[in-house]
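Here chain A shows up in two complexes: once beside chain B, once beside chain C.
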Partner chain A sequence: MSDIAKVQNAVMPASLLKRFGPWLFLAIGLMVLPLIFSSNLSVYTMNLMGIFIIFALSYNMLLGQSGMLSFGHAVYFGLGGFMSVHFMNYIEAEIFVVPIVIVPVFGGLIGLVFAVIVGSFSTRRSGTVFAMISLGIAELIAASSLIFVAFFGGEEGVSGDRTMGPEVLGMDFAQDIEVYSLIAFWAFVTIALMYLFSRTPMGRMANAVRDNPERIEFIGYSQRKVRFISFCASGFFAGIAGGLFAINFEIVTEENLNALTSGVVLLMAYIGGVGFFVGPIVGAVVFTLLQTLLSNYTEIWQMYVGVIFVLTVMYAPQGLTGLVAMHIPAFKMKRLGTLAAPYVRAGVPTLLLLSGIVGFLETIHHVRSAAVGETTMSLLTIEFDTHSATPWIIIAILVVVGGYLTKTQMPQLKEAWEGANAPMGSDEGGAS
Partner chain B sequence: MSSAIKLDDLRKSFGPTEIIRGVNLDIKKGERHAIIGPNGAGKSTLFHLISGRYNLSGGHVSLNGEEISNLPPYEIYRKGLSRSFQVTNIFPILSVFENVRCSLMWSEEYKYSFWHLVDRERKLNDRTAEVLEEIGLTSRQHVPAGVLTYAEQRALEIGLAAAGGADVILLDEPTAGMSHSETDQAIELIRQITVGKTLVMVEHDMGVVFDLADRISVLVYGEIIATDTPENIRNNKAVQEAYLGAEAEHA
Partner chain C sequence: MFELIFFSLLNGIVTGLLLFMLASGLTLIFSMMGVLNFAHASFYMLGAYVAYTISLYLGFWVALVVAPLLVGVMGAVVERYGLRHVHRWGHVAELIFTFGLAFLIEEIVQFIWGKDTKAFHEPEILQFPLFTFFGQNFPAYKAFMLLISIGIFIALLLVLTRSRIGLIIQAAITRPNMTAMLGHNVPLVFMGVFGMGCALAGLAGVIAGPALGTFPGMAVVLGSIVFVIVVVGGLGSLGGAFVASILIGLLQTFAIALDYSVNDLLTVFNITTDAEGALRDLWTLSLPQVAPILPYLLLVLILIFRPTGLFGKRES
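Showing the complex of A and B:
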C-alpha cells in the first residue's frame, strides 16, 4: 500500500509538470523576454512576433489541423484590424468606452462573423475548390476595401489612437513596452485556447477530416460541418491578431487584408511546420526575425525568405519544427552525439557554398542597383570593389569548392544518420 | 417480420450503364447475411447505396422500417448503420488510439463539442481501450494508423465500423488479402463484435461465408438471383450456373 502511495506521489508532480510545465515556461518566457531584450527595436520585433504567432496559429487551425489550404486568411486578420481601429476611434470619441485591452475581442468577433458568412459556402469542399474560393474571396474583399472608403479608409487606411481608453493597471499604452504586455497577455490566452481547442472532440475530428474526410461521414460526422466550425474558430483568432495589429501600429490599411499578407501567413506556418502545434510559432518567430533584422542588412531579404520557403517545401516539408523532431528518436536512443561530427563535416562546406551564393546575389544586386560610379560595397563589414576581379574569383571559389565538398560529404552524413536511427540491436537490449 | 434492412427495387446507373438493376432484399434483425457474386456484380456498389455513399437512381432503402434513401452517410450512421470498406479507409496520420476514439465520439454524444477535453473524458477513453483490446491492437495504440501492417489495418477498419455500437453492420470484404490464420482471427473478431447485431457482409472467401452467414444472397450483374440458407444456395442450380460458372471462367 505504502509503496503504491509513494509511487503515486512521485508520479503526480511529474505529470503535473508535464501538463503545466510548457505553459509555465511560456508565461515566464513572455515576462522575462522584455527584460533581456529591452531595446526599442527588440520590443518592436517582439510585438510583431506576438501578433504573427497568433495569426499563424489561427492559420494552422485550417492548414495543419483540418487540411484546408487557404489563400485568403488575411481577410479575417485585416477585417479584425479595421474593426478594432474603428473601436479605438469610438473610444476616442467617447461613443463606446471600453479599456483598450478588450478591443481585440471585437476584432475577433468581426473575424468570426465573416468566417461564418464565407465558411457557410466555402467549406462545402476541401482541397482545390476551397483554396480557389478562399483566393476569390480574398481578392473580392481586397478590392472592396478600396471601394467602401467609409469603413476601409481607401488607400491611406484608417488610423486611430490607442492611448485614449481608460487606463488598465496604470498603463495608457503610449509606450511600446506597455503594448508588449497587452500582446503577451493575448498571445498567452489565445495560444492556450487554440491548443485546448485541438484537444476537444471538435479538434480531434478536425484532424480526422484532414486525414480522411470521407471516412468521418461513416462514423457520424459531417465533414462540412467540422470544416465549418474549424474555419469559424480560425477566423475568430485571426481577427484577434488583427485587433492587436491595429493597437500596435495604430493604422490598418488594405495591405493588411490582401493576398500578400495571406501569402505571408502561409509562409510562416509552412516554414515553421504545419504538422506540429508549435510549428507556426517557430515560423512566426523566424519570419519576423528575418523581416526585421535581415532587412537591416540586405535589401533582398524577401528573396532569402522565398528561397527558404522553397527549400522547406522541397527538402523539409515538415518545416523547421520537423527538422528538430526528426532528431528525437536518435536522442532517445542516446545517439545524437554520433551525428555531431558528420554534421560539422557536411555543415562547413555547406556554409561555404551558401556564403558564396549569398555573396554572388548581394554583389550582383549592388552592381545592378547602386548609383552609377559607386563600385565599393560592404558585405559583413568587408569592403570591396564590385568592378574588380578579386571578389568574383573569391565567390566562384566559395561556390565551387563549397559545392563540391558538400556533395562529397553528404553520403557520410546519410550513413551516420541511418546508423543513428537504426533500431536498437539485441545486444543493446529493448526491441522497441 | 421486423427487418433491419429492406431494399425495394433498388437501382443505380453510372451514365447509361445500369449497375444495380432492381434489387429487392429483406434482411431480418439479428441475421448474419452474406452477399456473394462474381467480380463486377455490383456488390460494393450495393453497399455504397445502402450506406449513403452513392445516391440512388431509383428505389428505396429502409433501415429498421425507416426510409433512409439518399440521406447523407452521417445521418444513416446516426440511425444505427455502420460500415467498413473494401479498400482500407482509416485515418493514417492519427494514432490507432485516436482512430478508435474518433469512431466512438458520436455514439458517446460529444457531437461537435469544443468544451470537452478528450483526455479528461474517462468513459470515452476506457471505451476506446476496450475496443482496442477487442480488435487486438492495444500494443499498437500509439503508432500512426498508416504504419500498421495490412492485417492490423483490416482489424482497425472493422473496429472503426463496430465501435460506435451501431446495430446494423456492413462489412465489405473484411478478409480480403488475408492469410489463413489472419482470416480465422478476423472471423472470430467478426463473430464477437456482431453478437446481437445484424451483419451484412460482402465476401469472396466461401469458407468465411458458409462459416458465418445465416442466409446468403447471390448478386449477378446487378440482380439478386437467389436468397437462401447456405445449404440451399450450395444446391441451387441457377446459382451454380450463373455464379460458380462465372467464377470458374474467371479462375
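Showing the complex of A and C:
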C-alpha cells in the first residue's frame, strides 16, 4: 500500500509537468514574445500568425482529425470576419455595446450557424463528394458576396473601427501591441479548447471515422453525425479567427472568403503536417514568415511557396512536423549524434544546389522585369551586373557542383539513416 | 427576341463544346485514377500561352498542332514523375497534389510570361464575320472553334469505341488488373490517357486563347466550371460530361442574355418592394448578375439530391 502511494507521489509531479508544461510554456511564450520582438513589423507578423494559427488548427479539425478535405474553409473565416466588422460598427453606432474582446465570439457564432446549415447536407459523405460540395459552396458564397452589397460591401468590403468599444484593462486597442494581447488571449483559449476537443470521446470518434467509417457504423455510431459535429466545431473556430482578422485589419473584403484563402489554409495545414496537433501551428508560423519576410526580398515568393507545397505533398506527406517526428526513434535510442555528420555532408551540397537554383530564378526574373537599362541587381547584399557573364557562370557552377555532390552524398545519408533507426540490439544498430 | 435566342443558342453551343474538350479529358482521367485533376484547367492555360509564344515565331497554324502536343508531353511527365509517386499516399494526397500543381503552374506562367494579358489574336484569315443575321455578326473564328470542337468530339468517340487503343483503354479503366494480366502495360496506358487529356485541354486553350483572352487567371475562370460539369454529368461518364457541358454553356449564355430581375417577377404579381431595406440587393437581383453563380448552385443541388450526377454510376 505504502509502496503504491510512494510511487504515485513520485510520478504525480512528473505527469503534472508533462500535462501542463506545454501550456505553461505556451502562455509564457505568448507573453514574452512581444518583449523580444517589439518592432512594428514583428508585432504585425505575430498578429497575423496568431490569426492563421487558429484558422489552420480549425481547418485541421476537418482534414487531419476527421479526414474531410475541404476546399471552402475560408467561407466560415470570411463570414466570421464580416459579422465581427458589422458588430464593430454597431458598437460605434452605440446600437449594441460590448467590449471589443467579445466580438470574435459573434464571428464564431455566425461561422457555427453557417457550418450547421452547410454541414447538414455536406457531411453526409466524405471524400470527393464532400470536397466538391465544399468547393461549390465556396464559389457560391464568394460570388454572392459581390452581389449582396448591403452585407458584404461589394468590392471595397466593409471597414470598421476597433477603438470605439468600452476599454478593457485600460486598453482601447488603438495600438497593434494591444491587439496582440487580444489575439494572444484568444489564441491561447482556442488552442486549448481545440486540443481538449481532440481529447474528448467525440474527438476520438472523429479520428475513428477518418480511419474506418464502415466499422464505426457497425459499432453503432453514425459517421455522419460525428462528421457533422466536427464540421460545426471547425466552422465556429474559423469564425473566431475571422473575427480576430477583422479586429486586426479593421477591414474585411471578398478576398477573405474566396477560393484563394481556402487554398492558403490548406497549404498551411499541409506544410505543417496534418497528422499532428501542432502541425498546423508550425505551418501557420512558417507560412506567415514566408509571406511577410520572404516577400521583402523577392517578388516571386509565391512560386517558392508553391514549390515547397508540391515537394511536401510528394516527399513528406506528414509535413514539417512529420520530418521532425521521424527523428524521435533515433533520439530515443540516443543515436541522433550519428546522423549529424551525414546530414552536414549531404546538406552543404544541397544548399549549394538550392542557392544556385534560387539565384538563377531571381536573376532571370530581374532581367525580365527590371526597367530598361537597369542591369545591376543585388542578391543577399551582393551586387552584380545581370548582363555580364560572371554571375551566370557562378550560378552554373553552383548548380552543377551542388547537384553532383548532392547526388553522390545521398546514399551515405540513407545508409546512416537506416543504421540510426535499426532496432536496438541488431547487428547494424550503432555500428555504422 | 428570336435573334437573341438564336445567337445565345449558337454561343452557348460554342462555349459548351469548348468546355467539353476540357471535361472529356478530366472525366477520362477520373475514371482511370479516381482522382479529380485540379490542374486540368492549368494545362488549358499552358496550351494558350505556349501557342502564343509559338505563334509569334511560326504562326497560328503551327501553334495549333504543336502546342497541344507539347502540353500533352508535359501532362505525361506530371503523371509519370508526380502523380504516380504521390499515388502511394492515397486519394486525398493526390487531390492535394493536383491542387498544389494548379497553384504552382499559375505562378510559373506568371514567372515566364508576366502578369498582363497577352495579345494572342486569331489568324487574319479568320477575322471576318461569317454571316450577318438580324444585323448581328457571327464571327468566323467562332465557327472555326465550333468545327474543331465537333471534330475532336467525333474523333474521340471513334477512337474510344471503334479502335483497338480505345478497347484497351476501356478495359484498363474497368478491369486494370485483368488488362495487365493479359500483357498490356497499364501504367503506360494511364500515362498516355493522362497526356492525351492534357493535350485536349491544351488544344482547348489554343483555340480559346484568342477568343476569351490569354491571362494568368484564365485557368481559375474555367477550372471550377469544368469541375462542375464533370460532377453534374456524373463522375466518369463521357456522355454525361457532354450533356452537362452543353447544359452549362447554354445556361451561362442565356442567363447573360436575358436581362430580368426579381423586381420584374414581383411586378407580374403586383408586389412592390422596399428599395431601402436590408434585402434591397435581393429585389434588384438580375439574371446576368446571378449567371456566374448558377453552375455552382446546380452543382450543390445535384450533389445533395443525386450524388452520382446525371449519368454517373458511382459516387466517388
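Note that the second predicted complex is superposed on the first by the 420 of 432 C-alpha atoms of A that agree within 3 Å, B and C clash if a C-alpha of one lies under 4 Å from a C-alpha of the other, contacts with A are read in each partner's own complex, and residues count from 1 in each chain.
Keep this in mind: a residue touches a chain if its C-beta (ideal position, glycine included) is under 8 Å from a C-beta of that chain, and two chains touch if they have at least 3 such contacts.
On a predicted model such as this, the values are computed, not experimentally measured, just so you know.
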Which superposed partner A:Arg215 touches (first chain B, second chain C, both, neither): first
Partner chain(s) touched by A:Val226 [first = chain B, second = chain C, both, neither]: first
First, second, both or neither for A:His365, with chain B first and chain C second: second
First (chain B), second (chain C), both or neither touched by A:Arg204: first
Which superposed partner A:Leu30 touches (first chain B, second chain C, both, neither): neither
Which superposed partner A:Leu62 touches (first chain B, second chain C, both, neither): neither
Residue contacts on chain A - larger count, chain B or chain C: C
Interface residues of chain A shared between complexes with chain B and chain C: none
Contact set on chain A toward chain C in their complex: 63, 67, 69, 71, 121, 125, 127-129, 131-133, 135-137, 139-140, 143-144, 147-151, 259, 263, 266-267, 270, 300, 302-303, 306-307, 309-310, 313-314, 317, 361, 365, 368-369
Parts of chain B lying in touch with chain A, wherever the complex brings them together: 51-53, 72-74, 77-78, 82-83, 85, 89-94, 98, 101-103, 105-107, 110-119, 160-161, 164
Interfacial residue positions of chain A with respect to chain B in the complex: 196-197, 199-205, 207-208, 210-212, 214-222, 225-226, 229, 233
In the complex with chain A, residue positions of chain C that touch it: 36, 82, 85-86, 89, 91-93, 95-97, 99-101, 103-104, 107-108, 110-111, 114, 220, 224, 227-228, 231, 235, 278-282, 285, 289-290, 292-293, 296-297, 299-300, 303-304, 307, 315-316
